[in-house]
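So that you can tell them apart, the chains are marked A, B, C and D in the order they are listed, and the count of residues begins at 1 in each.
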Amino acid sequence: MLLCVAVAIVRMKDLLAVVMLLGVYGLLSASFFVTMDAVDVAFTEASVGAGISTVLMLTTIAMTGRNESAPPYKHLLALVLVVMTGALLVYGTMDMPYFGFAEAPANLHVAPRYIQDSMAEVGVPNLVTAVLASYRGFDTFGEVMVIFTAGLGVLALLGLAKPPKDGDAEIDLLHDKLHEQHLVLRVVCKMLIPFILLFALYVQFHGDFGPGGGFQAGVIFAAAIILYGMLFGLSTARRVINQPLVLLLSGIGAMLYGMVGVVSMLKGGDFLDYSVLLSDPIAGQHLGILLIELGVGITVASVMVIIFFNFAGRIEYLQRKRSRDKQG
Amino acid sequence: MLIAATLAILVVMFLAFIRGYIGPTFYDRILAVNMFGTKTVLFICLLGFVMGRPEFLDIAMVYALINFISVIAILRYSGSFDERRPPGNRKSIGRDV
Amino acid sequence: MDVIISSIGGLFLLLGGIIAIIGGIGVLRFPDFYTRMHAAGVGDTLVTGLILVGLILQMPEWLVVIKLIIILFMTLFINPTSSHALTKTAFQNGLLPVLHKKEEANKGDAGPSTR
Amino acid sequence: MIVGLYNYWIVVILMMIGFYIVIAQGNLIKKIAGLIIFQTSVFIFYISIGKVDGATAPILADQFSQYSNPLPHVLILTAIVVGIATTALGLALIVRIKEAYGSIEEDEIQEKDNQEC
């Protein structure tokens, strides 16, 4: 199935259709992850691959136009190169262990330790959360920083020097039209949005026991805000959610993560060693994981909101510029 | 029964994908994506039962929400694409099946 | 008693599967967007209801039942809403339904039994 | 017995499709789509390595004793979120390129660059 969709993406000229097929591709790969027992990964891929990335691609296409004009070139050379690389890689797989083989080298080194001892050492049933937040906490800290930096990069590339003034007649007209068209949509979304926010909090704090955690919860939280922004117009969403505050929050999330590490150092442990946070090591681990997931969640949610606001704000800026050019 | 229903859902997913690929208009594609998403929700629910760990229904819930959000996004930004056709040409759009 | 309830659940699942396939064929073979919309919208909601009720009748733990009911309600809200929004947008952007029947498009496609 | 390697072959084919899109298509958005496919193939590779036959998802429960390897899941989970962040950055760059050059086709951008020199 995945292969079919990928081939279809190659052949499709219409960029809009490509984006939609990418959404389908994301859903499919997420179901694949579920069959491979990777429920946390499926969770993330579902909310990211099928949701946020589709929204971002769509906003980009709305700015750049939907048709691919030039025909693909360098056809033959590229094909030969690709087939050669593929053949080499397939040759390389001959030495790999069989699929699902329990004694494969990848499954023999640290994984048994995680599976057997983490209940005693960390006390969290979800192994993925335990490894993510506790054993590999330093790694995750780096990832959070990468996300934070990407948010700053988008802000630098697409941010506007002056925040747009409210009350631009033409844009407001466009929004009003959209609102009147979709009355049913608006009412249903108004009911759904609190539910989505609640669900995000559930995912955030239930991550120790089931699939979920800071990354997923952040993305879902951001998705609710994005839904609001899409339906009620960007200026309304800006009025509800203060953009400098969101920017501050993304920093605070990353800081919270780092601070937990620093506090554990001050208490005599290593950086990000939560056992020393409280007198009982297991309770300390629980507290540390909770705080860290909270930091991750805040950072991811606010970075996603920043990215969306900047993309959508750019669209409005371009529309306004175009209408001003028409008038002047 | 569980397995039969799972297989049926897989078949339907494939059919929806074909519609999304050939779909003559842009709306057909959205329709196919929407249908695909709903079927994925069911697929995940069934899969949880087949694998004997039905507590993973959270994933299905996320799917339902995200699918809705992406459909709304497509509708919201479809207004910005310049595919409005001149009014004289309108009649022919629905008919070229 | 348990056996009866779970076999009723199995029946629901089977029915859901069959209707899902019928809906899929409808989406593939109907002549224009609005009829396809009909097949997809009605079929999807019905199938979701049937399969989720079937799963509930398999009698898992109560937490799972609650989650299933939440999913059921959400689909019942979301599915018709998105169908409605999609159709409305399509109509407003000037997509017209097929009104007169074409000869080859008609044969076996627009089955009278659908509505 | 060689059929037992099929998961790697699927990964290789997907990866090559993504690679082909990246090098053979001129449109920048299409290239991003290719990158996403490439990325997903790597994810699938990792996850399929971690799968163990007869095991279940790595969330501890009393009635199960064998679990899949949780380490690849952790790596991929963070990689997905980082991937979307970098994709967003790439898309932002595309938007700026479109504003500066008026096009997102690779050869048209090249032509404009040559004219300016």
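As a working rule, a residue touches a chain if its C-beta (ideal position, glycine included) is under 8 Å from a C-beta of that chain, and two chains touch if they have at least 3 such contacts.
This is a predicted model, so every value here is computed, not measured.
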Any chain that touches chain D and chain B: A
Highest-count interface - the chain pair sharing the most C-beta contacts: A-D
Between chain A and chain C, centroid-to-centroid distance (C-alpha), Å: 30
Centre distance in Å when chain B and chain C are each reduced to the mean of their C-alpha atoms: 12
Chain centre separation (chain A, chain B; CA means) in Å: 21
Shared-contact residues (touching 2 or more other chains) in chain D: 56-57, 61
Contacts with 2+ other chains: residues of chain B: 30, 32, 55-56, 58, 61, 65, 67-68, 72, 75, 83
Chain A residues counted as touching two or more neighbouring chains: 39, 59, 61, 65, 182, 185, 192, 210-211
Chain-chain contacts as defined at top: A-B, A-C, A-D, B-C, B-D
Contacting residues of chain A [partner chain D, same complex]: 2-3, 6-7, 9-10, 15, 18-19, 22, 25-26, 29, 32-33, 36-41, 44-45, 48-49, 52-53, 56-57, 59-61, 63-65, 68-70, 72-75, 78-79, 81-83, 85-86, 89-90, 93-94, 96, 98-102, 104, 106-107, 110-111, 114-115, 119, 125-128, 130-132, 136, 139-140, 143, 146-147, 150-151, 153-154, 157-158, 209-211, 213, 215, 219, 300, 303, 307, 310-311, 314, 318
Residue ranges of chain D touching chain B (in the complex, touch as defined): 56-57, 61
For the chain C and chain A complex, residues of the former touching the latter: 74, 77-78, 81, 84-85, 88-89, 92
Complex interface listing, chain D residues touching chain A: 1-2, 4-10, 12-21, 23-27, 29-30, 32-33, 36-37, 40, 43-44, 47-53, 55-61, 66-74, 76-78, 80-89, 91-96, 98-99, 104-108
Chain A - residues contacting chain C, complex: 181-182, 184-185, 188, 191-192, 195
